[in-house]
Structure formats: C-alpha cells, structure tokens
Amino acid sequence: MAIAIAMDAKTITVWMGDVAASVRAEREYLVQLDAAIGDGDHGINLNRGFDAVVRALSADEDSPPGKLLILSGKTLVSSVGGASGPLWGSALRRAGRTLGDAPTFDIAELAAALDAALAAIVDLGAAAPGDKTMVDAFGPAMTALHEAVNRGAPAHEAMRAAAAAAEEGMRATIPMQARKGRASYLGERSIGHQDPGATSTAMIIRALERTLSDSS
Amino acid sequence: MAIAIAMDAKTITVWMGDVAASVRAEREYLVQLDAAIGDGDHGINLNRGFDAVVRALSADEDSPPGKLLILSGKTLVSSVGGASGPLWGSALRRAGRTLGDAPTFDIAELAAALDAALAAIVDLGAAAPGDKTMVDAFGPAMTALHEAVNRGAPAHEAMRAAAAAAEEGMRATIPMQARKGRASYLGERSIGHQDPGATSTAMIIRALERTLSDSS
Amino acid sequence: MATVVTPMRKFLNDPEQVVKESLAGLAASQPDLLRYEAEAQILVRRDAPRQGKVALISGGGSGHEPLHGGFVGRGMLDAACPGEVFTSPVPDQMLAATRAVNGGAGVVHIVKNYTGDVLNFKMAADEAADDGITVESVLIDDDVAVQDSLYTAGRRGVGATVLVEKIAGAAAERGDNLETVAAIARRVNERARSFGVALSSCTPPAGGKPIFDLPEGEVEMGIGIHGEPGRRRVPLGSAHSVAEVMVEAVLSDLRAKPGANVLAFVNGMGGTPLIELYLLYHEVEGLLRAAGLTPARNLVGSYITSLEMAGGSLTVLELDDELTALWDAPVHTAALRWGV
Amino acid sequence: MATVVTPMRKFLNDPEQVVKESLAGLAASQPDLLRYEAEAQILVRRDAPRQGKVALISGGGSGHEPLHGGFVGRGMLDAACPGEVFTSPVPDQMLAATRAVNGGAGVVHIVKNYTGDVLNFKMAADEAADDGITVESVLIDDDVAVQDSLYTAGRRGVGATVLVEKIAGAAAERGDNLETVAAIARRVNERARSFGVALSSCTPPAGGKPIFDLPEGEVEMGIGIHGEPGRRRVPLGSAHSVAEVMVEAVLSDLRAKPGANVLAFVNGMGGTPLIELYLLYHEVEGLLRAAGLTPARNLVGSYITSLEMAGGSLTVLELDDELTALWDAPVHTAALRWGV
C-alpha cells in the first residue's frame, strides 16, 4: 500500500496548475453547458481565473500552503467576475485561512480546509442541496471524504472517493430544476441540463485527487 | 386576314389592365432581377403603380384615349417613386398629349405616341442604347414597329413585331455593363444579369400587343 | 423555415480585447465627458470626484452598450465598471471606481440583480467600507419574466436600470443627499416593470457561437439581456400581438393607478433597427392609452442591449411629478443628452 | 389583428404598412417636435412654416432610419419625405413638404444622388416653381466606392447627408439666406467622403428575402445604403484591417490639407451594435491621427442605415471654423440633440 506523504506548498501549486490545465482543456465544454442554461461564459471565466492563479503562484516561491490558497482565492476574485469568481475565490481564501501558516498539512487538515471552503460558498451564495449549483458536487464530495478519512483511508484514496462522489453529484444535477443563479430564470427549462458550476467543481476536486495520487 | 379596327379609350383601359395583371404575376421575378443588380423593389414599385392606374381609370368613364394615358402617367408618377415611376409616368403623359383629344387613333398615331413616350424617357433619364436600361427594350421595339407599319402590316401584326423586338432587346441587356441607374454602381458585376426595367418594358409592350390582337 | 445560425459578422480584432478596445473608442469619442482608466478598466466622469456631490456608479457585463459607459456624464453616472462580455466586473473595478468618484457625500452602487453582479458589488462595498466610504447599494429587479420567488435568484435587472441611472443621477446633480438619492433610485425600480423578447440569438466574441438557436419564425419570450433563453418559445406573430403580450405582462404586474402618467421605454436589443422600434412604439402607445394610462414621456432606441441580438423590450415606469421633473432635468452623456 | 407568422426576424404587421406605422410611431414619440401628415406621408417640424427662415427638406426611401425623419426639428430639417422601403418618395410628397415649410425665404431640397431620388425631386421642384416657391436643390454624392464617371449614375449620397442636414440646418437657423444655406450644404458635400462595408445582407419587408447572400466570413466592400451589392467581396479581416481600407479609400479621395481638423463619422448600418462601432472608431481615430489629421469632432452611432444590415461606414468631413461652429450649434431632433 502507498505511503501517504505530508502535503505542502507544492501540493497547492501542482493542484492549481492541474486545475488550470483541465479547465483550459474543457473550456468549450463548460461554455456549452453554460450556454444551455446560463450565459455561456463559465469556461471562459474559470480559464481566465485559474491562468491568473498560476501566474500569481509562480511569483510566490516560499509562502506556506495556507497563504498560497489565500493568494489563489484573491486572484480568482480579482480576475473571474461572474458568480463563480466570488464563490470559488472566497472558498479558497477561507480554506487558506484554515490551514494557517503551517508548512505542511495532513488529510484531516485538508478536509477541514475544504469544509471551510464549502461553508464560504454557502455563506455567500446561500444555495441549498438540490438547487442545481456547485454545492451539489462539493457537498457529496465532502461527505465521501470524511467517511474515507474516518475509516483511516490514505489521502489519495480518500480523495479518490471524494472526486467520484463529486462527479456523481455533478451528474445528479441534470434532472434538477435550478433555484439559484442564472439557470433559475429558465424555470422548468433548466431541467435536463448538467450544471456548469457543478461540473467545474468536480473537475477541481478531481485535479486535487490526481495531485495527491501522483505525490504518493 | 384580320380587319384592323380603330383603337379607342377601351384600348387604353384594357392595355393598362393587362399590364397591371402581368406585373402582378411577375412581381417576384422582377424583384429578383432588381435584387441582383439593384435594390429589389422594381416589381413592387410597378405593381403598386399599375394597380393605382387601374383604380384611377375605372373612375374615368368617358375621357378620350389621350386623356386616359395622361391620367395613367400622372398616376404612375404619384404612386411608384424610384427611377421607373417618373420615367414611365412621363412616358405615358407625353404619349397621351400626342394623341390629344381624338376619340380614336390608328396604328400610325399609336406609333407616334410611343415615339413620344420613348423620347420622354430619354429626355429625363439620358440613357443611351447599351446602357442596360428600359431604353434597350423600348428602342428596338420602336424600330420594329415603324418597319412593320411602313410595310403596311395591320396593327396587331405590327405590334407583335414590336413586342418580339422588345423581348430580344430585353435579353440583350444580359451581357451589358450598366451605365445608368443603380446597377451602374456594380461596375462589371452588373454584367450577366438581365435588366429589370428592360424586362418590365418588354412586358408592357407585350400587353399592348395582346390588347390589339384580342380587339382585332 | 430554415434555421439560420448567426455567424460572427462583427468588427472585431482579438476577441479577448474587445471590451478594452471598445472602451478606448468610447473614451476617444468623448474626451470632454469621461476618461478611461485602462489599468482598473473603468470609465470615470471627466470632472470626478465632485466634492459634496453624491456619486453614482454602476457596472455589469459588457455587451449591453450604451449601458453603462454611455451613461457616464453630467446628470447620470459618475463612473461605470464594464466586465467582460456578459460577465459581471470584479470587485477591484467597483472599488477603484468608488474611490475615484467619492466626493465625501457617499457613493450609490446601482446593481442589476444577477448573482454575479450582486456578489462582486457586495465584496467591493465591504472593502469600500474599510476605506470609510459610505456606500448605498440599490438593487434593480424589474423583469417580470422571472418569478420573484424562493425558487429563483429573483427578478433580473433590465430596462429600469437606464431610468434609475437617469433619474437618480439628476437627484444627485441637484444636490440630494445619499439617502435621498438611494431612495429615489429604489422608488424608480419599485414603480418600473419590464419584459423582453428575442427575435434572434447573439454571439459572444470569445465564444464565437450563438448562445442559443432560434429558428426564423419563432420568438423567445421573456429573455434577459445576457442571451439567456427566455421562459417560452412561440411562433412570431405580428408586432401588434407581440406588443399585446409585452404590455399585458408589464401592466398586470405594475398595477399602475388608473389614468396614471407613465414613461414608456421601447428598447432595442442591438440588432433591431429604429424603423421597427418606432413601429413597435406605435403599437405600445396605443395599448397603453387603451389601458387608461397616459404615456407622458417615452424613450425609443437601443439603450440596454445584448450584443447584436434582434429583439426588444418594454419598460413602463409609473411617473409622479418629482420623477417627471428629474427625468426632464438636463443630462449630458454619450448616449442620452438633453437640456445642455 | 390576425397573428401572422412572419419568416423575418422583425417587428412587423402588414409589410405594406411598415413605413406608415413606423412614421406614426416616431410622431407619437415626439409630439412637441414634429407632426405626421399621413395623407401626404410627410413629417413636418411642429412649428413650420417659420416666416423668413430658409426651409430644408429631404427625403428618400425608407429603411435608413433615423434618416430623414429623425432629423426633423430645430437646427436641422423642416420636413422629411419618406418613400417606401428603399424606394424614393414620389413628387407629391416633396411638393406637399415644400409647401408646408415654405416661409417665404425659399426651400432647400437635399437630394441624395440616386436616379430615382433625383428624378422625383426634380419633378417636385418644377411644380413648386409653378407655385412661385424658390427651390435650391443640393445633390449629395460622397460615396467614394462609386467611380464618378460617364459610366455610372455618379457617386451615391450616403453618410455626408447627415452632416449636410445638420450643418446647413444650423445655417438656416441662424438666418442665412437661401443662396448661403445652399452654398454651405454644397461645401459640406464637397469636403466629405464616405465608404461603407456590409457584414450581412438585409431583408426588405415587402420582399421578405435577403437582398443578397453574403456567406459568413466574407465582407461586401463599397456598399450603398439600399442593400445594393458592393463593388467587391473579400474575406472578412480584423476590424483594424477593415478600418485601414475605409480610411485609405476616404482619405485618398478627400485629399485633406495636412494637419486639417476633420469630423470622423463612424456609422452603423442598423444591425451592428455600439460595442463594435466604438471599437471601430478606436481604429479609425488612430489611423486618422497617423495620417496627420486631427479628429476634432466625431459622431459614432447608427444614423443612416440599411434596415437590419450588419456593417458600417466611415465619413470624413474636412472642417473649417465656420463648419465647426455650425456643427456645434444647438440641434433638437429625435436622433441628434445637443445645446438645447
């Protein structure tokens, strides 16, 4: 079985680099999803935002992981706009504050940081489960993550369970009628489409899973 | 051989009624021709104009043919607009003045009236043969008409020759480069298209031929 | 009827630069009126900040021109914060604009009710408060096509935004204080309702594809201004029948006093020419009078658009003497100008 | 009214009525400015005839809104004669307008150089002369896309028409006599050149079909304002490259004095939104400066259109002090307003 190694600043930069790459790769797909029930800019927004995050991080060599997450969140807020900018921006900032100044963190601390991230999104956007938002991918991911951590699974295994749950939650948004964000304007016409924010959220968590697996 | 009967006011009303009917029938075709090298309104313009002429004539029972032509011309001027309104309007007015107050007219007098009509078009529009205008249908028609009248052909035969020549002249506009009217803006791109005004002119002369044939 | 997919028939260089280049062009065409602060990507009234005057700023995604930049100037906005096309601006822009226009009397944020705009403006307002700048946020939500319920993000802000910016701008210009200007802005939003229809889709430059497909002969009823699909799609009827739907939707929700004076705003979505907007106004005006209302003021033109979308919207504002006087007050912006 | 499904993306009732209904809407929206004489199908300045003032009228096919009806009012036109869509009006209209506005000081006919317009205005002028009304006809022919030669009907009148109506209108308003007003109008036409491009076709309501087919990715260079095809068709390049062609075509023919002040008029064809027009102005302004000219004045917007056509045109007018002062003079019309 793999030996879980402690996670550090590198984990954050690799993770954000992976998110930037996968968002760029799926940019058109996210645009199409958003065009169907929103305004077609989600892929462009996140592409612009995470490219900016990568640039910002590359200028910061020696900050601890918490600070890098705060920098990432501030960068998203300042570069994305739209609904997803403040939401994911606040999420990463809140997660960073939770990690504090420690040079490393373990899976339990990571889970706590991600709890704080989800809480930030809910505080700001007030979305409930089933509203057809990023929360419907993020929520199930956290449940699965805690379940795995509690049974002592190694980091990358726990995160693999979280990523799978996020993707399941993402697909589960298809039959939902949106109650938050632009898609809610469509009323019943929002049913039958996968939520773009839930989709990008599943991608962000899957990127973290890859990061941990490769470093283990 | 047919006995040529004298032409009178009825000839004018029947002729104008036939023109209105054939322009209405060919309205879309004339629009397409004009769309190719002009602005696509020729069929609509003449349809509006000759319908107005028919209405005006139906309100005038007992005027002599010359007066009816003047009324027709004035009506065209007041209802068509575009280039073709003043041109054909002035043409019919000038033709009407030539016929004067006589209750009837023979083929020679008709030819003289049509000469005056063509002259009015040239005076106003200054088009020369080969400029790709209605003149390229009207001119050949008059040459053929005079030739037939001079050899003593009966009215409807003479007019049949005129109508055939007008249609030949109409087709001959296809290879021409327009030097007058909207089509001239296209320069060489006007080559290869049949001139809408020459086309409607050939229709007007063909309608006169049918009028004379039926009344003979 | 063949579906015609809207192609990119645009004057365009790099799609990523369209907003910046367009803002530079607007600023170049109005040097006496406003300045473009490229770094912060904001348009600021030339003579800002004006000491003692309540300042108004607004912002939102681009693609709605002349909103908001075309409304910066005397008697209207002190600054505009244009985001990327159809994407709300970032808090840094609103914060920079708030600082640039603050004349000590406070700043009004005019925020169209979209999640993105609301969240980004909120973050900017929080930071402005840290600077000790008093900010009053006014939410615009006049679109009757969206049910205002727990099941939606609430009504969208559409046509009323133009009227709020003009009328509240006049109140600030005459010297009203922050609370009064904000109250007047909220009153305009309160007394205005809008409904929009799309006759075609539109194509965001960065995406390069129409945001939805609308076959010829169909109309999308109840659209917003971001190319969001509407609530239903029906066969396109006569202008009269479309006007009937618009007027009915707006009036049934506005519930204006019988005989009230109203401002009728017939707006084009960007690709619909004036010949049609005047024809539509002809229908709307008749229907309003038939409903017992008096169109005492009107605005006809493309003032809040969705790129090159064909379509239009109707906004009806119930007037009172004060709102009428503030509407008539002098205004000098790139897009609205009278009395000066 | 019956709900008819129209294949066109237009607000439309009976296609035969579109001009009348649109004119009625414009008049209803501007009751203080003008009146619509439905019988004669003309728009007349509310306070016409103004004794002792030289009157200006213009007219042409409809589909170019706001031209000409949107320019009726103080400091511009005294009356407008709108024909059917893309079809010049009939002499009866110009005669009725001439009689309605004649204040004893003579009437200027502003005629765009199209065979139809020229012939119909000429017939009206002849009849007005019979009434003893002095008419000065001014021909507008600023379109450099058409070679002015024996082999064409001569240059078309396009964008300069707007500038002539504004500047000559200001001259008449300040009390200049007939000869002076006509001379100033001719000077503006003389010192102005235009060039237009189409990014899409347009569909006349009565015809119901696009007037020409323009594939995506191609641009029609050197178009007029009636959907006439242009002189050549090329792949659509960047806004910068299109602006280069426009500026080159206009300046090479205008031959303005080095360092001259110019008025740069970036016009939309009806379906192109402001975000693109400002972007295009940004390019044009830079190219004019690079050519050593000073864009001292500008006008950006859709003022002389071809229905819903996507595209634009550039008009450059070489200014002198008098023309600049007359441009700046107060104007109050539906489409242009400042200083009042």
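Observations on the structure shown:
By letter and in written order, the chains are A, B, C and D; residue numbering begins at 1 in each of them.
Definition applied: a residue touches a chain if its C-beta (ideal position, glycine included) is under 8 Å from a C-beta of that chain, and two chains touch if they have at least 3 such contacts.
Everything numeric here is computed off the predicted structure, so don't read it as measured data.
With steps allowed only between chains in touch, the distance from subunit B over to subunit D comes to 1. Common neighbours of subunit B and subunit C, by the contact definition above: D. In this assembly, the chain whose C-alpha centre lies farthest from subunit D is A.
Rounded to whole angstrom units, the spacing between the C-alpha centres of subunit A and subunit B is 77. Annotation: 55 Å between the Cα-based centres of subunit A and subunit D.
Centroid to centroid, with C-alpha atoms defining each point, subunit C and subunit D lie 28 Å apart.
Centre-to-centre spacing of subunit A and subunit C amounts to 33 Å, using the average Cα coordinate of each chain.
A linear topology is adopted by the chain contact network, the touching chains following one after another without closure.
According to the touch criterion at the top of this document, the contacting chain pairs are A-C, B-D, C-D. Listing the residues of subunit C that touch subunit A in their complex gives 61, 83-92, 114-116, 119-120, 122-123, 145-147, 150-153, 156, 204, 206-207, 209, 211-212, 224, 226-229, 231. Those residues of subunit A whose C-beta lies close enough to touch subunit C in the complex are 31, 35, 37-41, 44-45, 48, 77-87, 124-125, 177, 179-182, 184-187, 189. Residues 1-13, 18-19, 21-26, 28-29, 62-63, 65-66, 70, 199-200, 216-217, 236, 238-240, 242, 270-283, 285, 298, 300, 302, 305, 307-308, 310, 312, 335, 337-340 of subunit D touch subunit C in their complex.
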